[in-house]
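Letters A, B, C and D mark the chains in the order given here, with residues in each chain numbered from 1 onward.
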């Protein structure tokens, strides 16, 4: 079966597996107190152009969102997110279980607008009884978004400016950050993100690692006792080396960017194939996720040879399916798919 | 430097790493819905002699304790554990953060006694105002304990009988279970544990895996919507294959038991070395953890060549240090240590 | 100063205060285990036409919503409510702090529609990955709503039918229930509510008591260990008599309905005064809350003699203000207000 | 039936009920924003000799403990309390449900010792892995304790000194504070408590009010957004006047102290009666709670005419029963009891 179902259907980049083997019998301390974790942190700080950053490694995306958001919010605060955001919809209540509300603003192709955010804040602070309401305490956005779209630097800056005006941290979920950074036409770089955001993470799980997300606090703003908070959420890996070795490999000689670029190159080809064959897209996503409209007959036919990832029904006879490329996508698989379209 | 600091200072058994490489480019569904996870579950059920069991894979021990305990307790209930238990002391409040009390009974070399448990329950139910108190809702024990000790089958049965009388689930933390099962003289087998406990886990992190704990519900008693609860705690791995492949390897041809036995064989030798050299132990632990009493001068001398794991101060001139063997311990390292003692 | 700012600006109905005095020196057990609490429960069950109901007394509305909702939901579930509902907006996150999401459907003049609810449920259960999402676990509605509107019996029945189809409890917040029941034209009676809802409460705080809400479980469905859950939320009054005596008084000789009717009679007069003087309303609320549009000059003028309760800005020169009548509203105050309009 | 079962078996002091009647029809703002609440705060600050204090009113003791403790602790912290403390045993997990551990030190007749506290802190900070453990974040003590005992000023000062050395707030639960302050021989005054503690509360429920506890933050240390936190815990009374009027009455012309003194005078007489009749006490409590040892035959006989409050079984033939006096205890009831002893 062919599959473009997601960007996490394969294991890890071979260089990572080799590195795990090479370092396997070194006796190292647990919980991230090892030389590879240390080295990975240094390389990430350099890549971010942010020598003062504080870097931590966690296992997965929902866990990372939970740990960061619950650590940054005061008890009476909620996190502002797009109504289509991952924390709003697809984390089974991982934010609420920590006692905090996810406060929705409209998602515009997955993105939040500074103007909506500003309006929410003005409404809140304009209400004499706002202490009877949850206070907007931080902003969550994903880049790329769940719809594969990207913010421009101007859009991010506008959101950051609102955050700063209201003294709220800005948090960027970069589960697919590598793909976003390598997309042609984007004007947002990793150092830009480090400068604009208070905290963000660089996704490993979806960009070549077995697991792992690198959290970056950029403003000397790590929550107090952050290690204890990670431990308390069950998120502290005993063999922290597993994360350290992976990120050290990804950030050696630009591997992370190189494999992300491969995924984007493949997505350009795949998008071209669909376009050429006369298919249209439900959303104009420039990154590694392609949202293709298929009529039901074609979908049924394709599904005999291709694993299809259903996204949503469009109308009585057509649905949207997601096709994702990744660091592991092979050109010959795209060719094989083209034959079937 | 020599190190016997813990049983998680190395990476993973080479067979596991090789298997990750062999399966790396298979395109598999995420979240544990893959063939290796399925196969691992079947093999574990067989090893437990419990075909009706329900098996799940999580990443680490504290996470597993948190997910299981918070899923099994009613809101007004707490978990009963030894005052020396991992959930009582060393999880940074991972149980309390889910809203539940850890209710302590005395630890007797790390073990709880059925009689103490019974007394706690009689006191609780004998109090007319017990609805003003936290109800004992389940029992947690570790086997081996944090002190390397083991329950006998009779002791476990007695605890199980009290649990049954009060309709409380019995949960066994088996972070080091392999080592316990392969200890000479134990009369507790894996099928015994499956029969006596309502839920337990088979530790991978400390017994040869990069990470991973296999949770076994033995009595058709998986909490409803357990997948959602795992997701909600940030504990659902996107690449579930990472856990599936590891446990499938560990439970193929008895590898798990074989490598655990190696650790125990090494611990017998190491314990003999200490004894022979005239050292004594603070506790009579039969498994892979050895608690050795060193005077301060000797400890200072040793620490130039050996990573020492401080356990506790005994008196003005002596401390206890933990030496652990593992699946990865080499005989030549023990010999080298012997030279230094 | 005149004031129609809310329905809780006075103390308690004099009969309640007298009863507190009359019973003051009786020596009674605490925590609701007293004869007055018992008597109040019986009278409420009779008024509900629901002899099998289980009645409890709590102190205030937010507390009651928190205790009920957190007790009825499973960990992976959220409560469905109008986006304008009290639990959605004005409880400072009292639901989320218990770990649960408030899942919004659109409020239509404060009311939820069965059709919106059905659509939410179909979307949820139609999604193959719904275990990655919060499950809709119960429905919250208020009657009267926060906008003073009322459900018809047909509307409530339609919602109840959807709830039943999906096995979800229906919970009705009756903080102002008395006023709703005594509104001319409503076809919803207290026994109807007891039949249609799984749990609801009869508001005391806003209908003549110093404090207190009477929770009614109608379907033999009181959560297990409900007393412990109340205690755990800090909601168990030591002197439970304070609530018992108040509700016993309110449900003796129909006092609750009589004083609620007075408030509605006054609201009819007050609404007539506004209409006669040419004012218009932002919403057509039939109960004791009147939402009047005032231009800014008039509001400034009025506020010299009347406490105004600002609701929302309508446009550049006009705002909405809430005027509420209550059990304590005097006709002469309405006359005095009329002079000023 | 005679009853000395507790100090909350009657309603409220008549002056309070009269004041509620006198102020009943004043139209006042809700949520504590009224003149009586304001006046009560001023009088309490004066009584505490602490003009800079910040005073808040809550409904009951468990609620107050929950709101204060959850507001003062960081996520990774727990509250230190005697193992016999109210928060440790009799609040159904009201602290844990907010995510925090109650960390026990031994209770010595209900009191904690500075030395035990110091030892706990030294152990915690002396452990290299203390970030894997819950951090002691504040100290809770009750005065009088649950056993009716009192701290001396020297004992409180010693505890305060440890707290200060470790930068931990000291919180005093004064549910029965009035009785403690009026006990002959105590050297602890209300201004002493205001000086030594960071936060404490003056109990109303057990000292003459229908309900209510006055929380005093003494060091310009009110948690941020404390109103929102109160609201979020369901602890904000709509008719805040009910608490304001009561405390304003209690702190007018020293009523609080006067009625507390009455209870203590009665307890001296009652204790004398028991002693004279040859009974002994399980604990030497100087305040309004008397713990009397009764043999089972006598208890059975007495219980025909007296409501007995069972405390604990002492041995095969004797139990301890609690007799409490209060602001409402009448000398003739003591005389009647004496007849029966």
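Note that in this section a residue touches a chain if its C-beta (ideal position, glycine included) is under 8 Å from a C-beta of that chain, and two chains touch if they have at least 3 such contacts.
Predicted, not measured: the structure shown is a model, and the values here were computed from it.
Among the remaining chains, those touching subunit C and also subunit D are A, B. Ranking all chains by how far their C-alpha centres lie from the centre of subunit B, first place goes to C. Per-chain Cα centroids separate subunit A from subunit D by 50 Å. Averaged Cα coordinates give subunit A a centre that lies 33 Å from the centre of subunit B. Computed centre separation for the pair subunit B/subunit D is 42 angstrom, with centres defined by C-alpha atoms. Touching two or more other chains at once are residues 75-76, 91-93, 97, 99, 131-133, 228-229, 231-232 of subunit B. If you check the complex, the residues on subunit D that touch subunit C are 1, 3, 5-6, 8-12, 14, 17, 20-21, 23-30, 59-67, 91-94, 97, 205-206, 210-211, 228-229, 231-239, 241-242, 307, 328.
Residue ranges on subunit D touching subunit A, taken from their complex, read 70-71, 74-76, 99, 131-133, 135, 224-225, 227-229, 231-232. Contact residues on subunit B toward subunit D in their complex (touch as defined above): 75-76, 78, 89-93, 96-102, 128-129, 131-134, 310.
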